[in-house]
Amino acid sequence: MKNVLNYSYYPGCSLHASGKEYDESARGLFKALKIGLQEVPDWFCCGATPAHNVDELLSLALCAKNLELADAVEGDLAVACAACFSRLKTTQHKLGENESKRKQVEQAIDAKVSLEKPVKHLLEILARDFGLERLHKAVSKPLNGLKIAPYYGCLLTRPPDVPQLDCTEAPTIMEQVLEATGAETVPWSHRLECCGANFTLSRPGVVLKLTGDILASAKRAGADCLVVACPLCHGNLDIRQKEIEEATGEEYHMPVFYITQLLALACGVSPNKLGFGSMIVNPMPLLKEKNLI
Amino acid sequence: MKSTGKPEPTVTIDTSGYAVATEEIRSEAKRLLLEKIVDAVVGYQSGRRKGSAVPVIITDPAQAEQLVFSPACVNNLSIYLTKAKKEIRAKGKLAVVAKGCDLRALAGLMGESQFKREEVVIIGVTCAGVHSAGVQPNEPLTSATIAKKCRECSVHIPEGADLIVGKLPLLPDLTPTEKELLEKLDAMTPGERWEYWKEQFTRCIRCLACRQVCPFCYCEQCLCDRGRPQAVDTSPRPSGNMGWHIVRAMHLAGRCSGCAECERVCPMDIPLNLLNRKMAQELKELYQYEAGLTPQEKGPLTSYDEKDDQSFIK
Amino acid sequence: MSRIGVFICHCGENISRTVDVEQVAQAARQMVGVTYACDYKYMCSDPGQTLLKKAVAEHRLEGIVVAACSPRMHEKTFRNAAQAAGLNPFLCEMANIREHCSWVHDDRVEATAKATDIVHMLVERVRKNKKLIPITVPVTKRALIIGGGIAGIQAALDIADCGHQVVLVEREPSIGGHMAMLSETFPTLDCSQCIMTPRMVDVVNHPKITLHTYSEIESVDGYIGNFSITIKKKARSVDMAKCTGCGVCMEKCPQKKIPNEFDKNLGFRPAIYVPFPQAVPNTPVIDREHCTKFINGKCGVCQKVCGPGAVDYEQQDELIVEQVGAIVVATGFKLYDITEKPKGSAIKGYGEFGHGKIPDVIDGLTFERLASASGPTGGKIIRPSDGKEPKQVVFVQCVGSRAREKGISYCSKVCCMYTAKHTMLYKHKVHDGQAYVFFMDARTPGKSYDEFWRRAIEEEEAVYIRGMVSRVYQKGDKVVVMGSDIAVGVQVEIEADLVVLATAIQPRDGADTLAQKLGISYDKYNFYSEAHAKLRPVECATAGIYLAGACQGPKDIPDTVSQASAAAAKVMTLFSKDQLEREPIVARVNEKFCVGCLACKKVCAYGAVEEKEIRDRQGNLIRVVAYVNPGVCSGCGTCQATCPSKSVELDGYTDEQVMAMLETL
Amino acid sequence: MKHDFEPKIVAFVCTWCTYAGADLAGTSRMLYPSNVRVVKFPCTGRIDPVFILKAFQKGADGILVSGCHPGDCHYMAGNFHARRRFAVFRKLLEFIGVDLNRLEFSWVSAAEGGKWVEIVTELTEKIRSMGPLTQFTDLNDEEQWSGALSNPELKAVYDQV
Amino acid sequence: MAKVITEENLRSLIDLLIKAGKRVIGPKRAGEMTIYEPLASGSELTPGTLPRRSAKEAFFPLSETILSFQKDRDGLKVDDVDTASFPETVLVGALPCDAAAPQVMDAVFSWDYKDEFYLERRRRTTIIGLSCTSADDSCFCTLVGLSPTDTKGSDLFLTPLAGGGYSCEAVTDRGEQLLAGYPELFTEAATVTPIPAAQPEGAPVDLAKVKVWLEEHFEDEIWEEVANRCVGCGACAFLCPACHCFDIVDEGTEQKGSRRKNWDACAFSKFTNHASGHNPRDVQNKRYRNRFMHKFKYYDDKFGKTLCTGCGRCIRYCPVGIDIKGILEEIGKKSLSTKDTKGHEANHHG
């Protein structure tokens, strides 16, 4: 049966490096759900957070070029990483509104800027395009009994009116998608708090404090694990967890999954293709305990 | 004022669909009359001159056989539903044959509470185009004989009619001669335009055919017929004619449905539709208004918006 | 009309200095139709007017042109003089040869020529004037007050005390509105029940006031002086005549656990209830959604225990029609409910404050109910979650107000004052408690307001932190408030026991539908628009409808009461005369020529144009024409300029008059 | 100083704002050229395009239409309707061939006496430099060829009409 | 022996007439159409096609001032129009259906009231007719007793010849004077071969019988059937060479203005509008009936002439395609079946 939905796919640098398991689980999930995913040929970096702090024109031009490349591929542009999603959306927003910036960028990439192609995050594709009931039907191994604290981070819903993924202050899209797999999501207070992002290199102390608060809040809410949709948040929450336990004396052992990993697992993709091995906090005991593998 | 665009190759337009329409109109008219759904059907019947078509109001089902639809059916039959022709409305519930441009007039009239949608049965005709003024009725429909308005028609299919008859052939794309003429006039200096219109209006003999065929000129007493006060001189001298045509264009601004009947019937070939089209163009630019197929509650000049353009006001 | 008198005024020498008045008079005598022309030093003076009156009689004048100052100055004077002389006032016109001529030109020849032209224009105009009789509209001397809050009560009492009938309609079972919910009121801290209950009792006992509670406005027809109001009186299921207010039914009602909306769902009430103890009228209402009798037909206890047999389950809604001459709209306000994002409105919700999810985050009115002696807790400040006494309370100002990106850009005017009051009430009840207030600016402009605010800080030791709150979340049994203190430039986190949000003031739900029924305009927030922000603040543009209280914009109780009395005064001026006399400069439709395209109705901003059916003797509809209601038409003339066939004509500014003036060019 | 050509300017004004503004210019004794003739209306909404046409035909060289600023209208929406009506009518006159510098629109509130004087003076100077408007007046004398007559004294009568 | 004039001589004749101070009116190109207008020079003459408007304008102008008045303090000054100032006119190239019309109209304009405005212009006009060589399906002059070569109404009648030029025939002494006035322009020719005249379709209709039928069928449903579609404009009346109704209206102000005589049409709804508001002909079919009756009955009753020359203009330019030729033929057929009750011989075109 031909893929009912087809998307061009912009993985972004982290998904070819530190966030490789996010990319693999995403491809596995989309294959299982028969959604076409065709990577944009020779895409390049979207500039993430550093670019637009250095030179806004550079960051807008990078994204505009990527959008132009994406036009060659049929289907809306699917994006996994929250930072790439935020940059591409901001470019469309800014160039759509500001005529002079648009002309500058068009001069920089010496091509017409095309803003028509919709940029969509995986969550949007799963929850709205594909639809929650179809997702629920596609689940072959329900994640019953797994208590998840869904973590949005900063970029998925901010600044208001730019990503237009969900309500800025009270999003529910991750809860809906996860609950479609039969898992249980816990209400907790730090869903949208910043994890410290890039400070993990320059000022690790800040990350320990902020990520520590998030882990504490998740633990207080009785979650078994955290689910993220951004490689940078995953990095902080997963890699730094050991250090935070040492610094605060708290015990967390809270595995941090990419949302596509759990969804793929629920949709019958074999666990060893989901990169559980490369996660610092070993998720295997939890998955075994919930007899999901 | 001939438009000097590049000479266009004469293309014949396939009007086979019109015969299909004629059959369907006849059967529908007969059905409507037999089942007493309507008391009279306003349609076209062939005239004495070969290929000619004239408006007809039939009440007896047997007459339905006379109804035709051909490129000679140029009249806008919506005028027979207005107060200007009370005696037709007096016949009771009417069915009317309507091309796309006619349906726009019907929608405009409904918007001006002249009749309600349920009071009239509309037999919409898919129309590929009709003859322009002065074309012998029996001539085929070609790019040379087609009316200027049909060259730029956007309502070939009259959506919103109770029944849509006929089928649309493949349409050649024709140069918009009227748009070119309008652009040519716009390009002129005010002095040249004044001379152009003065020459046209001097020739007007005030036969008022343009007023009598206009679906929106249904006033009981036209402003230009009034003596006390005499807003517009009634005698057909150039200044009176100028006043008459300015007032007419202003009264139709935002109401005219672009059926261009005024220009067709003018015995002195004055391009009257240019005036209405200019008004329509300005209203589109200023207030995004366009005459549509569905009645609009308020026209552009009977409504306003706080943020309307006022760049021309000091 | 061919016997016109022209009177040229010197205006002392304001006119005669630059205009040769004799020459203008001489020129006037040459004009067709002018039988008498003279000039006089002070036409507006008493001798001047006597001269005019004598001339009218002596020369049997049929029209007058007074060439003097601006009509905006003395038109009334000379028209009264003409009337005194037996001439219809509208046959007298003024030619403005002072402000528009002598004062603004210095060349004597030019000024005289211009003055002559102006006089000639007005002579031609007056020849086309017609006699006009002032329009009289009967006035029903009965007022309708919509809304039984303090604004409605005050307006009702004022009008009723002046001897006029009043109909007061209130949507809730009892009057009192939001003020009845308050504990003590700023700046005097006197208890709202004590100062309001007597007024509420006055209303119910006042012989001139007909009170309809638990009722809504179904439809409004008619115009100033002649409104016909259809009121839907919802069924109370209790016969108000029989009920003595003993309250036995409320005690015996098995349903105890229904949250009481009046107490912001803190307290509970039975199915047959009175919103609050001092309710007026003191007759209970059966809440049909929660009453078992209406759900599954069982129970019926209240009917059994009711001595006078007042409980009647069969009671149905009823429609009452009242004829009134004026309407005062006093529908009040509601607090901006930030629990969720209102559908389809430009106002975005406040997910980040957790209001509605975290039980210990409440709004101002809930705090009032906590602090109120007749409230669910008898005045004890407790945490709704566990009933404990909060030791640290954080008050957050400007929640929704002054937040353009959240859709509400205005300041709600009263929150600074009532938050300061809350810190005081809290301090008086919990002596060792500590109040924190996150605020942007303190707006305390009223009489002894700022002193009240200073007292909250200096004597009651409330800690005011200048800065906004970014997030509130539950942490264990505490409520963490994350905000910034911009004076110190630091992020602040307070673990509080209770958080009170001073949410924005908005108009009542359904304010726009009521406005459409009344035909009055409202702004983008649904507050009702006054006719003129400075000079007509309590009137609507639509004649005969007046505004009072928060429905017109956020305001505190002193302003509301003064607006209510002002609106009452306006009503009383309307009722001071039996007939409402209006200038006859109104439009009239010539039904012979009107073709019923109703363009006039579409452009009339006053809804003065109605559709009129013309029927023959057998009643068959011939045609529909437009009809201008002289009582409502304000004479702008837009209809005539829009009507293609000029079938509608504005008396006083007819086409004939204007064309006659243009002919003199 | 005398000019050879004194333009005839007609001003259609609303009584609540611009007429009052003109009055204010009077009470403040501001001087301006005496070419303008004011016609008072309750509202700009009442000003019919036919009046502008008639004024031009009767020999006006320049026409000013002025009323309340949007939102100030005493009748709430009169000037909004007028604004749309004149925006369309001036385009029609331009299309017929009238030079739009001859037709000016403005908002003058009751407090803007100065603005009234400025607008009237500026318009008078502009029209004076443009010279008399002969388009309409010449047209008044023209006849259909069949009705034209060549005898002198009837021609003279025409000139007076 | 027939007098012949070449094409150029005709044009130079026109130039000479213009030089002699005469107003020469003839068919002239104006954009797409041909209309009768005063010619500036002979070169403008474009004979052949039937002009858009009829030639009646030479005597019955579309709009003319008949007097002007001025009122002031001491009374009213009225200036009459001196008919002596009407220009001498030569109407060149009038086809038979246009040339025959003035004779018909003379009767009504010299009836109980002598309309000097019309009659003076008629007296000062010489009509040079032109034989008609092309007819379309709207022409029906043969049906009303005229023909493409009918010299009625012309003073001088030209017939276009195969080899160019025209043969001339002086019908009235005015024609003679014209020939005599410019002998150098005319030559003699033994035999001439004219271009074959036009043949409009349709057999002649017995107008007498039609008149009788009309007398008995005032209330016939044919009027409603025909006039249902009539929208009441003035196109047919204004283009018709024979229609002569006019309206008198004052223009200007009560103090200064002029009284004008303008064309009017019985199709207009306000034509028979009484001051009381009553309108005897309130419905369109009564108005169309009146038009037909006036042309084929009333005028005959009064002046024994048919007020229609069959030029077909009202058929070509009727916005809704009302076809007087079709109606005439239909009534003609119907009138044959009924016996002629009145029996008197209707003289038309006497």
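So that you can tell them apart, the chains are marked A, B, C, D and E in the order they are listed, and the count of residues begins at 1 in each.
What we mean here is this: contacts are C-beta pairs under 8 Å (C-beta built on N, C-alpha and C of every residue); 3 or more make two chains touch, one makes a residue touch a chain.
Note that the structure is predicted; figures quoted are calculated from it, not measured.
Asker: If you walk touching chains, what's the least steps from subunit A to subunit D?
Answerer: Shortest path length, in steps: 2.
Asker: Which neighbours does subunit B have in common with subunit C?
Answerer: Neighbours common to subunit B and subunit C are D, E.
Asker: When you check each chain against subunit B and subunit E, which touch both of them?
Answerer: C, D
Asker: Identify the chain whose mean C-alpha position lies nearest to the mean of all protein C-alpha atoms shown.
Answerer: Answer by centroid distance: B.
Asker: Relative to subunit E, which chain has the most distant C-alpha mean position?
Answerer: A
Asker: Between C-D and A-C, which chain pair is linked by the larger number of C-beta contacts?
Answerer: The greater number of contacts lies at C-D.
Asker: Let me have the rounded angstrom distance from the C-alpha centre of subunit D over to the C-alpha centre of subunit E, please.
Answerer: A distance of 45 Å separates the two centres.
Asker: Taking each chain's centre as its mean C-alpha position, how far apart are subunit A and subunit E in Å?
Answerer: About 90 Å, centre to centre.
Asker: Counting only Cα atoms for the centres, state how far subunit B is from subunit D in Å.
Answerer: That gives a centre separation of 35 Å.
Asker: How many angstrom lie between the centres of subunit C and subunit E, each centre taken as the mean Cα position?
Answerer: 72
Asker: Touching at least two other chains at once: which residues of subunit E meet that condition?
Answerer: Only 62-63 qualify.
Asker: For subunit B, write out the residues touching at least two other chains, lowest number first.
Answerer: In subunit B, residues 221, 223, 230-231, 236-237, 301-302 touch at least two other chains, as defined above.
Asker: Give the residues of subunit C that touch two or more other chains, as numbers and ranges in rising order.
Answerer: Expected reply: 592, 603, 642, 655, 659-660, 663.
Asker: Going by the touch definition at the top, which pairs of chains touch each other?
Answerer: Touching chain pairs, listed by label, are A-C, B-C, B-D, B-E, C-D, C-E, D-E.
Asker: Which residues of subunit C touch subunit B once you look at their complex with the stated criterion?
Answerer: Within the complex, subunit C touches subunit B at residues 592-599, 602-603, 623-624, 642, 644-647, 655-656, 659-660.
Asker: Show which residues of subunit E lie in contact with subunit D when the two form their complex.
Answerer: These residues of subunit E touch subunit D: 37-38, 57-58, 61-65, 68, 70, 79, 81-82, 84-87, 252, 256-258.
Asker: For a test of understanding, state which residues of subunit B touch subunit E in their complex under the given definition.
Answerer: 1, 47-50, 52-57, 75, 79-80, 84-85, 87-88, 134, 136, 203, 205-209, 211-213, 221, 225, 227, 230, 233-237, 261, 264-265, 267-269
Asker: For the complex, which residues does subunit D have touching subunit C?
Answerer: It is residues 8, 10, 15, 19-20, 22-23, 25-27, 29-34, 37-43, 45-51, 54-55, 58-60, 74-78, 81-82, 85, 117 of subunit D that touch subunit C.
Asker: In their shared complex, at which residues does subunit D touch subunit B?
Answerer: 49-50, 53-54, 57, 70-71, 77, 80-81, 83-99, 104-107, 119, 135-136, 139-140, 142-144, 147
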